[in-house]
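These are the structures, in structure tokens.
Paired with subunit B in one complex and with subunit C in the other, subunit A is shared by the two complexes that follow.
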Partner chain A sequence: MLPLPTLTQERENHWLDRFDPRLRLLCALLFALTTVSLQQIPLLLGCLLTGLLLAWQSGLRAGPLARRLLLLESLMLLLLLTLPFTVAGETWFSIGPLNASGEGLQRALQILLRANAIVLVLLSLVGTLEPVTLGHALGQLGMPRKLVHLFLLSVRYIGVLFQEYRRLRMAMRARAFVAGSNRHTWRSFGWLLGMLLVRSLERSQRVLRAMKCRGFHDRLYLLSENRWHSRDSLTLLLVALGCTYLLILERTL
Partner chain B sequence: MAHIPDGVLSAPILTTGALVTAGLLVVAIRRLDYERIPQAAVLTAAFFVASLLSVPVGPSSVHLLLNGLMGLVLGWTAVPAILVALIMQSVFFGYGGLLVLGVNSMNIALPALACGLIFGAALRRNGGRRALLLGTLSGGLGVILSGLMVSASLALSSSDYLPAAQVVLATYLPLTVAEAAVTGFTLAFIVKVAPELILEPR
Partner chain C sequence: MNSPLIQLQDLTFDHPGQPVLKGVDFALHPGERVALLGGNGAGKSTLLQLMVGLYRPGRGRISAFGRERQNENDFREVRARAGLLFQDADDQLFCPTVLEDVVFGPLNLGHSEGEARSIALRVLETLGLSRHAGRVTHKLSGGEKRMVALATVLAMEPEVLLMDEPTTGLDEQAEQRLLEHLEALPQAMLFVSHDRRLVERLATRAVLLTDGVLVEGIMHRHPHVHTHSHLHVHAAGLDAGHEHDEQTPRHRHSHEEI
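Here is the complex of A and B:
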């Protein structure tokens, strides 16, 4: 787990964890691709329902999740407010010279449903993976080696540096620092970030030396326990069929 | 609002973003040796943590984007660093989405590269003098360019998004102020304390 307040919680022996991480990534991708190509509101509602069901099943914490989705809505809200007025179509209601169209409202709803459905599925299928497992899965799916190692090492050090950041911040608070919109705040924050970066640089030099000391010679290995079983293939097939079915429904309804 | 969610942008924009990011990534990865991966990773983590800082601007507060500074400190490595950070933000925190990763990375990484190119060269040429000014300009330019690219991605996706895109651009104003002010001091600090972080040619 990332040592930061994420939306997931610790859990053991969950049914989702019996599937290969690669399968979970691929399913999320298939779902996203399908959802963005759907237009019919009932089908999109179905997608959102799938997302909600998965989120509930995977044990995402409801409170933080709701707050997170609301935050995502700032752009959504903007589109929801402007789209009815910008999309041409039959008048739904009008304020002064502005005409709100039913088509515009439909467009806004589509976007709202799509974005939330995809975020929910992504968080519940992929967000509940251990970051290290995710890194390995990305590597096995063909992400360049160097990028995978960058990902894995960054995940490792986010926790360490977050502690460092908290310590520096605490030291500022102990000296009665209160942030405001003034030069003093900007300079203090600027130095805070500078300090964080400088200490990170020193730490990275120690890391490299420690790695060399253990025989690092331009090569890192991925030791992964991910196993692709026949049930993974079967699930992928079922999900692909489900997505195709949705796309056919979209055409025929 | 640098993270556009899934389901908003049109297919051509999504494809363009993915292709541009993939292209930048190929170059950046080729230039990154295994020897430098630990440094790149620790700095990526540092930038990720730094973006958690909330800076008050008038009555509201903003989280820094830091792409101008990333371009200066990381150079080409800013591209994979930004992609890694965005993957983590979308997967573990729900900011952004999956199919828009390409566009979102492009919108943040291209300005980072531009800032690194323009101000990094200037900084190395004059041996780290005027760091406060150059850092301020770099921070401001990074955010403004990103804001322009985010609004352009929206506006080019559909002309119906035009008003929304304009509002989005306006919301970048307070961020520009905060980012310019803070990164100016950060750069001045780094040049004074650990000039090798920036002044070494890479």
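Here is the complex of A and C:
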């Protein structure tokens, strides 16, 4: 199985799954594009709220979600601490020779809100898709075939390689290996990685041979079951209208 | 006797610095189910892969389906007519979903998407795998993976089946199911196996690979009368429907020649 914990519980007939995966991708894209072009803090707050609402409604589990957001927030903290001092503008307060500007603070807040809103929407709309479904949707949206297949093959074999890693690691532990900060540890990890690379290479050769046995001649196929319904078109229209409305508000407020 | 489907004459093959096959002769005829036996590293898998041109022999001739085969183009046709089932199903199943994996072969053979899909669904149905069609391949269990791998090979409608340890890693139930399906297949087969039960039930003939040459194996059965104690596990304290006396019967057996 995949090494990452899944974001959602096993679910059936969730309302999100009734929509075409392509719609979910397109909506996430529209939302992201709109959010990055907004400047007004109240509008960005609205975007964040949308993200939160969506995350709640799509049934994301709080634990894994918080862990992923925490990664983002650590980067955001860096911005919050540095931007006020590096953007020129009216002085807000000063520490010694350093002047913090109000403009800098505002810039930092904008980035904080935007990033969180977009990540939340991506996680709830795209992150909840089965990786294989995501690959198919990308293929149907006309993304380059080679990239889509690379993505799908990665999805297929990442688990196999992870199992191999786990077996090797277990075998090391079974022989009383404890990681420390010494030469022996580094050398052993080097061998572990090297062995994984060699095994992956060998596996890829075996996979290619198996593909040749089934008549592979440089073409891969995708069979997609996704159907675009009228409700998908309607939703896309509504989302597009919403985004346009936000952009108009941004100009006129 | 009818002409052989696949014939090897004086075939040699070396791994770098180490000879593996030193002059192998072999013929597979229609209707035969041949077990390929031999120790670890004897070159059994290599021999199967040589037959479909995944390696090139050092010396010798490979004929398949009435023609001598030499280059990649020749072997392309061989691979379409002789299906090879790999030892590790993870090597064979590389598509995102089961159905996509099974249609991969038929599509490569030039069938349209609709035809390929109906072939795939039919094969899945005969193997009792219909309900797995839409599943993601890496989430299948070991036994399911092996059956789907067999389906991907059968979907190409081969005339010969080459199988590399088809039952390793399967539990008793999964093995039983696989065996039943294999027994029902009309194709000529050559299979590598260490599984005595599989060889006994499936093989009509056995060949033995030792020291780089192939010798005809002699399969014989003798009536085997024996009484013995065998391991029998049931939970302690539960009524298993029998008594345990102190003395377990000693293992006795006698071979009687008939």
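FYI, the second predicted complex is superposed on the first by the 245 of 253 C-alpha atoms of A that agree within 3 Å, B and C clash if a C-alpha of one lies under 4 Å from a C-alpha of the other, contacts with A are read in each partner's own complex, and residues count from 1 in each chain.
Heads up, the rule we're going with is that a residue touches a chain if its C-beta (ideal position, glycine included) is under 8 Å from a C-beta of that chain, and two chains touch if they have at least 3 such contacts.
All values reported here derive from a predicted model rather than from experimental measurement.
Asks: Since both structures carry subunit A, what do subunit B and subunit C do when superposed there: clash or fit?
Replies: fit
Asks: Which holds for A:132: it touches subunit B only (first), subunit C only (second), both, or neither?
Replies: A:132: touches subunit C, not subunit B.
Asks: Determine, under the contact definition given at the top, whether A:94 touches first (subunit B), second (subunit C), both, or neither.
Replies: A:94 sits against neither subunit B nor subunit C.
Asks: First (subunit B), second (subunit C), both or neither: which does A:29 touch?
Replies: A:29 sits against subunit B, while subunit C stays out of touch.
Asks: Which partner chains sit in contact with A:244 here, subunit B, subunit C, both or neither? Use first/second/both/neither.
Replies: It touches nothing on subunit B or subunit C.
Asks: After lining up the shared chain so the two structures overlap, which partner does A:225 touch, if you call subunit B first and subunit C second: first, second, both or neither?
Replies: The second partner, subunit C, only.
Asks: What is the contact status of A:79 with respect to subunit B (first) and subunit C (second): first, second, both, or neither?
Replies: first
Asks: Given the touch rule stated above, what does A:215 touch, subunit B (first), subunit C (second), both, or neither?
Replies: second
Asks: Would you check which partner chain A:153 touches, where first means subunit B only, second means subunit C only, and both and neither mean what they say?
Replies: After superposition on chain A, A:153 lies in contact with both partners, subunit B and subunit C.
Asks: Residues of subunit A touched by subunit B versus by subunit C: which partner has the larger set?
Replies: B
Asks: When the two complexes are placed on top of each other via chain A, what is the minimal CA separation of subunit B and subunit C in Å?
Replies: For subunit B and subunit C in the superposition, the minimum C-alpha gap reads 8 Å.
Asks: Shared contact residues on subunit A for subunit B and subunit C?
Replies: 152-153, 155-157, 160, 203, 207, 211, 219-220
Asks: With touch defined as at the start, can you tell me which subunit B residues reach subunit A in the complex?
Replies: 1, 4-8, 25, 29, 32-35, 37-46, 48-50, 52-58, 64, 66, 69, 73, 80-81, 83-85, 87-88, 90-95, 97-99, 159-164, 167-168, 178, 181-190, 193-194, 196-197
Asks: State the interface residues of subunit A toward subunit C in the complex, per the touch definition above.
Replies: Against subunit C, subunit A makes touches at 1, 130, 132, 135-136, 152-153, 155-157, 159-160, 203, 206-207, 209-217, 219-223, 225.
Asks: In the complex of these two chains, what residues of subunit A are touching subunit B?
Replies: Spelled out, the residues of subunit A in touch with subunit B are 2, 4, 6-8, 28-29, 32-33, 35-36, 65, 68-69, 72, 74-76, 78-79, 82-83, 85-87, 104, 107, 110-111, 113-115, 118-119, 122-123, 126-127, 129, 131, 134, 144, 146-147, 149-158, 160-162, 164-165, 179-181, 183, 185-187, 189-198, 200-201, 203-205, 207-208, 211, 218-220.
Asks: Within their complex, state which residues of subunit C touch subunit A.
Replies: The contact residues of subunit C facing subunit A are 49, 52, 54, 76, 79-80, 83-84, 86, 88, 90-97, 99-100, 103-105, 107-109, 113, 117, 134, 136-139, 152-153, 156.
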